[in-house]
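We call the chains A, B, C, D, E and F, going by the order they appear; numbering starts again at 1 in every chain.
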């Protein structure tokens, strides 16, 4: 890989890493680690732009941001691993399992029943993981 | 069109119509009216299932449901008229313009910058419509 | 989970369950069962709206409805489990394996060769399941 | 543009042009004409592969092929002009307006209500065009 | 709008603006201007992340980056304005009209004929705009 | 399966098979073989149209064609097996691993971070396969 042009550890990176840990916990850190040997700069961008820039913005609270991501990833239907990370994220920032299930169900209206079904089965896996780890 | 099998005015329909008016206001009623000559039964389903069944559920409040729909329709990027209806809807149920803009911006992370850009331009049109009508 | 508002066993549900069994057979019932612990109300909606309302409508026969679903799910390409259920469904309501393969192949034109290839490999799995079960 | 390598008028082209006219009528020929100055070889491929190869195959009749295309294009939701051409096509090969409307409505289940709504409004435009031309 | 947290003019922004002008020319600057009243921070991000970070990276030359974007936006099929901007961009960085047309045609294989057709018609509009402006 | 109408071995097929082997190597031939029992005619079309017609065209060199396909399949996000085949393909026709990674990373801008992440993990698998086979 080439060196990244004038890219140094920054307030954006620090802020992003804190936010990533707050939202996605261990699942987020595993994604960063998995990128280390293939695209380490992409891991940097992932911390900096989505988490350091976007999630850190005032204007919309973190809880609202996270339920929107669950809705969008359920509707898109082509990013199952990321949907699971953000179902964890939504629960981590204070949504209940019932609320997450409700949002996924609602996507049947906007993206069809298969998208909602696949979202519900992703939620089922996440809930089982959290039961094992004794998380809400 | 054929008659709908054993389909009578119902609590679902009444509840759905109230909910449709609460969320989408005049924009929702225009959709219903536009279906009258092509697929009147579909207008009935639209009132009954999304609004009478799904939006009327407890377990997730209406405000959260509506911001999730804005997120999902922005991300899907293939339903511009419905996105505009639900940007109105999100504002109608209590989100501020800033909050709606923040959610749309965030979709750049999950569905790409073009999806977010097109969502922002839809919001711009909606805000102009509401300025004319003196709505928040 | 919260109780569903004024939702009682209904003609829609009964009619939907009959239709679900006619089209999807055991595969459909497995989906319903898999929802029992995560979103039982969604199982109810799945029986009522797609099967009790839509598939039960006059105006288009069941065979035509089912080949359209195979076409659409192949083209969408993000709902592999549901595509397999509906390939079973298309065969259950009277299409031949050749006809199903033809429809999937045709999706190369509308959604690209990868979508068609993935649809054909889904069909291959379904045909193998049916050979084992001695189904046409 | 470069000349197409060893590509000569062929049975595939002749067969495809007949099929294109049978299915899409004037709308199909307008697409071919619109490609003449930008990508004439693409017009050739469009006649040869979808129409000369795929639609001309035995194994699934033309009527079934065409209703599947209406289903798929409604579900994909990103090809409005082509959906309109194929709603014409479905009517041209023998489906009734009611049947076409039913198939589009059904896509609400598989791709969401916005996709179905946009499909119904496309159908409405097509039906108006055909009323003017005194077509069924 | 809220102030952006610790966000100051930066090397990323300067580098991004240069790159944006090099690739997209006036079309890129119009997008930035159009965001000024609805989401000015998003204009900043658009300059900084895609152009200041990604396009400015070594490891893949700008010409290759730009033809890939034309391919991707044609295939996605839900971002017509951005596709037009990047067809301009591809021509601006040295691809010929024939090469751009070839890449768009090829997307018929991966995303279907409708996506390719809509891409070709976008190219036709761009070429006409450039003819007027006496651009290659 | 039915016989294909007047379809004989042709220059298109021979040319396509050569091109398929040049681009996709063993991975391409495995796809052809996997179609033999379910849709042998589709294997023929796959050789003839994408490889015999499109990839064989002058006007855009093979290297450019292949990086565009990697971009498009990453962005579409619903064709993981084909993306892997074409990451192999891009490396086979002369792109470096770094260049392929750069193109995939760039898709974060156009299709979102989840699409890019899933593309990077596909690349990681391909690179491991090639390490085992001692390929660049």
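Brief remarks follow.
The working rule: a residue touches a chain if its C-beta (ideal position, glycine included) is under 8 Å from a C-beta of that chain, and two chains touch if they have at least 3 such contacts.
Source: prediction; values computed, not measured.
In summary, the chains found to touch both chain B and chain F are A, C, D, E. The chain pair with the larger count of C-beta pairs in contact, out of A-E and C-E, is A-E.
At the interface between chain A and chain D, two copies of one sequence, more than half of the residue numbers in use appear on both sides, so the contact is built from largely the same positions. Averaged Cα coordinates give chain C a centre that lies 25 Å from the centre of chain D. Centre-to-centre separation between chain D and chain E, using Cα means, comes to 30 Å. Taking the mean of the C-alpha atoms as each chain's centre, chain D and chain F sit 27 Å apart. Shown for chain D are the residues in touch with two or more other chains, namely 1-2, 41, 45, 49-50, 54, 57, 59, 73, 75-76, 78-79, 82, 98, 101, 105, 107-115.
Taken together, the chain D residues at the contact with chain B in this complex read 76-78, 98, 101, 104-105, 108, 112-118, 120-121, 123-124, 127.
Residue ranges on chain E touching chain F, taken from their complex, read 49-50, 54-55, 57, 59-60, 64-65, 67-76, 79, 82, 98-99, 101-103, 105-111. For chain A in complex with chain E, the touching residues are 1-6, 11, 15, 41, 45, 49, 53-54, 56-59. If you check the complex, the residues on chain E that touch chain B are 1-2, 31, 34-35, 37-39, 41-42, 45-46, 50, 73, 76, 78-79, 81-82. Within the complex formed with chain D, the chain A residues making contact are 75, 107-115.
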